[in-house]
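Reading through the structure tokens given below for one structure.
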Amino acid sequence: MKMADITDDILSASDDDESQVVTAAEVLLKIESLWRTERLSPTLECHQSELVDCMLDQITQMNNNLRRCKKTDLRLAIHRMELERVRYVVASYLRCRLLKIERFTHYLLEKHGELDDPSLALLSPQELDYAKSYAQSIESHFNKLVLRHITHEKLAEFDAKKMSVVPNMNGYVFLKVLKDSPGVLISDQVGENADEEVDLVAGDQHLMMYSSIQELLKSGHVELI
Amino acid sequence: MFVTNIIKEFYDCISGKRVLVLVHSDLDAICSGKILQALFRADHILYTLCPVLTLSDLLTAVKSHKEQISSIILINCGGTLDLVEFLELPPHIKVFLADTHRPLHVCNIYSDDQIRILGQLDDDEEVPAFGDVFRDDETSESEEEDEDGVSRISESRLEKQRERRLWEQKRNKLLFDYSQFSYFAGSTATLMFELAWKLSKDTSDLLWLAIVSLSGEQLCSIREQHKLALCAADLNTHVARLHHTNHTDTTEPAADTITFQKDVQLSLYRHWSLVESMRHSPLTATSLKLWTHKGEKKMFELLAELGLPLTECRQLFCGMDVKLRSELPTLLEGKADKYGLGGLVTPSFSRSHVFHSRCSASDFAHAALALLEPPSTDGLSMSHAFLDASDCLNGSTVFAKGIASARKQLEAVYRQMQTFLDMNQVISAGPFLYATVLQGSPLAAFMSGPHVLGALGRFTLGAHVSASRNKKARSLPLVLTTPDSSQPQDWCLVCGIPPLADTSHRNFFGKAFEQAVSKTQSRAQLEFFDSHVIRLHVEDRSKFFDALISLLS
Amino acid sequence: MANFYTSYYPNYFSVEDILASQDRVPCKFEVTVKGLGYLDASSGNEDILPGSKIELPCWMARPLCSSKRLPIVSAQLPVNYRERYREILSADACVVDLQKLGPHFYELGLHLLPITSAPDRPRLAALLTQVLRDRLRPIMDDAQHCSADETSQKIAKLDRLEIRLFRGGQESVRDRERWLDRTAHLLSMAPLLAASNARHKRKRQDS
Amino acid sequence: MLGDKAFSLIQELDRSQHGTLPPFNEDAVRQALEEIDSLFQQNVADINHLAEDDALVAGIHLRHAALERNKRCLLAYLYNRLERLRTMRWQLGSVLPSDVRTNLCEPELEWFAQYSSTVARYMRSLGDGQGLDLTVDLKPPKNLYIEVRCLQDYGEFELEEGEVVLLSKDSTHFLPMEHCQHLIRQGVLQHVK
């Protein structure tokens, strides 16, 4: 990507165990791939706020650097254009996540709570804050107008289990296989025990249920297209 | 001052700055503006563009923007005014002027640096010499003070005063001669296209704008035929050059081609029926006198002679037999002279896109001109109309709307012309003819601006001359008045059309109106950049006309 | 992205789902229901007696059918899903006016599945998929080719689910046109604002 | 039929035009709550007599279904109204038009204010507190500078580094896309090809 032309700055993004050295261009590539996946997936994918923060930081720095350039310099226009494009990708990615967070608030909060490993966390700290505040605001709104007027104790509860909107994990997604993955189980939804196993070969493209490939997506064996 | 190197002295000066572009509400200016916009887009030059129609529009626009801007580009407006004085320009603001209105004000021409005029004077244009109009008075006075002897002083002073009076007389005469006639110089759009060419940013889209603008000049017949023909030939070399570089591979049909070939000069005939188009085109209508029964019969005769079945000619042109359509120019050309229709078939520009039918440049000009002056019943503001006309040149849906309005406008002009003739409303006032569009007539709404008034005036004059037995008619100008759409009770527009016999297309009405107004103290607004159109209070009409008659006798 | 908007099941707050589950299902009461005779206004009894046939909204029929101990009511398929219509629908699904028959033909069908008698269940499931499959192609076709003023006529006979598909199709056609026209990248006014401006304009024109 | 009042709220939402909010129907909400209360009272009474009369079970079940239905309709009514308000926050900003405000009830106004600040807080927190405005950049950018037409007399508008542009009706401008986005969303400027 052209980010590499702009800066040779090398920055570090902390990965789970060891500190890895990544270039801005690589970060951008990663974010673009995250963005694609997020837009195509029926549910919320794990957050990557370090990458996002790092990218935003880069944008600010670059903007400051560019401010010093001569106004009519052709390179200036090209660099700025690139920055605008990066900013769009980041904004679109975060918007897409917010939309899902608002829709599946309670479900995601519950899932997030179940995970111990912080590297697999669904929500970034800011998103967690957002989701909690959103959930709380809705519950209290319900309470003010309806629930507290109901005498039936059980009925007057906000029953998150029943009411939370759950993503459709059985939705179908287009995917491309990146690494050979033999023996992927396709479970039969009708319940006639017609489960199937398929071998996914690198380079193939498929239309499959999200639930059957969710793990492969996480491990980077497949990507959504 | 005139700019000699347009890139160095104009384009380089504005790059990197934000500029104010003020565009007169006429077709040439719109095309020029669009070409400039394309250049600015490519070079990231920020701009603000506002349309102007009247002198006060110009003044308001400059006043409200001058705090934030240091360069102003004026397109087809302001050249005839002393800009520094009229706009009260602070010295840090530079004005770049591209105006086809002539004569240019001498102060602009002899401005040191602040006013830079793009374009050149034509060979036949003459400007009073600097020394004849400007005189360094202060230095001459200081010289006087250095002198000693009293008698000699008074003697020399008398001498000097006498000389000065003479000089001033001569100067006034020179200036009067210089500004007596208003006329138009070459199209600004062509100038802008040449700028694009020099910047290596010429595309067929930009060239097309220059062509449409030229075609508009032809429709409004504001310049001499031979000059227009020269310009067309110039543009045609650009067409050839652009096509040559774009399409080295001749096997593939070009997606977008501009051609310059013989075409029938009938208004909008590609979007109308042949019969209707002939009726509404000034050339055929006046030559055949189509508003009479005899004339109509003659037209049918002509069509029959050409072998065109009447049923075909009455339906939309696009529905006509393909063979007839393609042969039409040749057929008509063969018979044109017999029916006195010289000039009916001449070479002109047209453009075709793949999947679209061919359109001629005059179709675009008609459409844009009609949108520029919508009937007052539509209630659109000048700036809105300006944007519509501008959008129409991009093709698309607005173009279709423009064609529809153009047809309506042509119909209205034709009907008004017919009314004038049928009711004998073209009256001779001695030195000129005059005709008045009656207030309250449904047609009055269409006569809303300088272009359509000019079209109506020329059509009426042509028809009148062809119908009149008076040999002198050809040498008489016409003054047309019409209720002003914004306040039809109190104000009217007055438009002066030069006589048919005059081929120089120089219009003396601007100056004549000005003098008649000042002589009679009439309530009038000489607000238009096209000075042959003024707004006049209806109550002052008769005294204004009396003065005009005595002036021109 | 589209799929997570339209997927509403099991969405507690889904307006579509609430509307669909309001449709009536013919039910026969198996037991006496004390004090609720007013639900069957025609009977005039204080209680609902076993054997009474009442059309209940789907949301009520479902829990009453699946009551654990003993079903309180037994539900029948609404007439639209029964043999006669099944035949018509399998003959030529495209001519049927699902707006009249539904307009929640598919949604309600899904709700009915669990309370349908075992032999009817696969038939109902097959019917739903078959009807949608048969009708989908003409709907796609219309969405892509019909002009703006034909739209209301084209959607007059569609189920609400089908109308959503139709609108989606139209929207993507419009997107493609914008792209071909090279106007897809143009930034636009907030849609809500544009709609509200249009409403004001219409109001002004009316008055 | 039971639940009809609550259901009418859902119908009301369904019939209202997309993107508009009908006035908060306090009456219908109250009536639905009253129905809930009366159903509940009857069920309480019946449960107390359950030991004597086994046949009351069916009625309890039936009423319970109606209770749940009423609750669902009421909450869905509230939720979907909030959803529309949410869309307005993203499209129209944190200040609601007055014709929308008049149709809201007090708790809805409170909710909007809270939501608005939640969104703002989130956007400010992005990028280690540098902030990122998510309500713009809605389409992939094609050009740094864009041509816009001014649809109303807006007055002076400040670009970067203190440069000021006067926006008057029907004027055309060529400006940095970044700075025009909000005005385009607000309908002050129109992006033209």
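Letters A, B, C and D name the chains as they come in the text, with residue numbers starting at 1 for each one.
Definition applied: contacts are C-beta pairs under 8 Å (C-beta built on N, C-alpha and C of every residue); 3 or more make two chains touch, one makes a residue touch a chain.
Just so we're on the same page, UniProt names per chain: A = DNA replication complex GINS protein SLD5; B = Cell division control protein 45 homolog; C = DNA replication complex GINS protein PSF3; D = DNA replication complex GINS protein PSF1.
The shown structure was predicted, so the numbers you read here are calculated from the model rather than taken from an experiment.
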Comparison of B-D and C-D (more C-beta pairs in contact): C-D
Most central chain, Cα average position: D
Intercentroid distance (Cα basis), chain D paired with chain A, Å: 24
Between chain D and chain B, distance of the C-alpha-averaged centres to the nearest whole Å: 54
Averaged-CA centre spacing for the pair chain B and chain A, given as whole angstrom: 61
Contacts with two or more other chains, residues of chain D listed in rising order: 75, 79, 139-141, 144, 177, 193
Multi-partner residues of chain C (at least 2 other chains): 12-13
Of all residues in chain B, the ones touching two or more other chains: 44
Contacting residues of chain D [partner chain A, same complex]: 29, 33, 36-37, 40, 67-68, 71, 74-75, 78-79, 82, 86, 105, 107-108, 110-111, 114-115, 118, 121-122, 125-128, 130, 132-134, 136-137, 139-141, 143-144, 177-178
Chain C residues touching chain A - in the complex, by the definition given at the top: 1, 3-4, 7, 9-13
Residues of chain C touching chain D in the complex: 12-15, 18-19, 22, 31-36, 39, 57, 59-60, 63-64, 67, 69, 72, 182-197, 199
Touching residues (chain side chain A, partner chain D) in the complex: 52-53, 56-57, 59-60, 77, 80-81, 84-85, 87-88, 90-92, 94-95, 98, 102, 126-127, 129-130, 133-134, 137-138, 141-142, 144-146, 149-152, 155, 163
In the complex with chain C, residue positions of chain D that touch it: 1-3, 7, 10-11, 13-14, 17-20, 42, 46, 53, 55-59, 61-66, 69, 72-73, 75-76, 79-80, 87-88, 91-92, 97, 138-142, 146, 177, 180-181, 184-187, 190-193
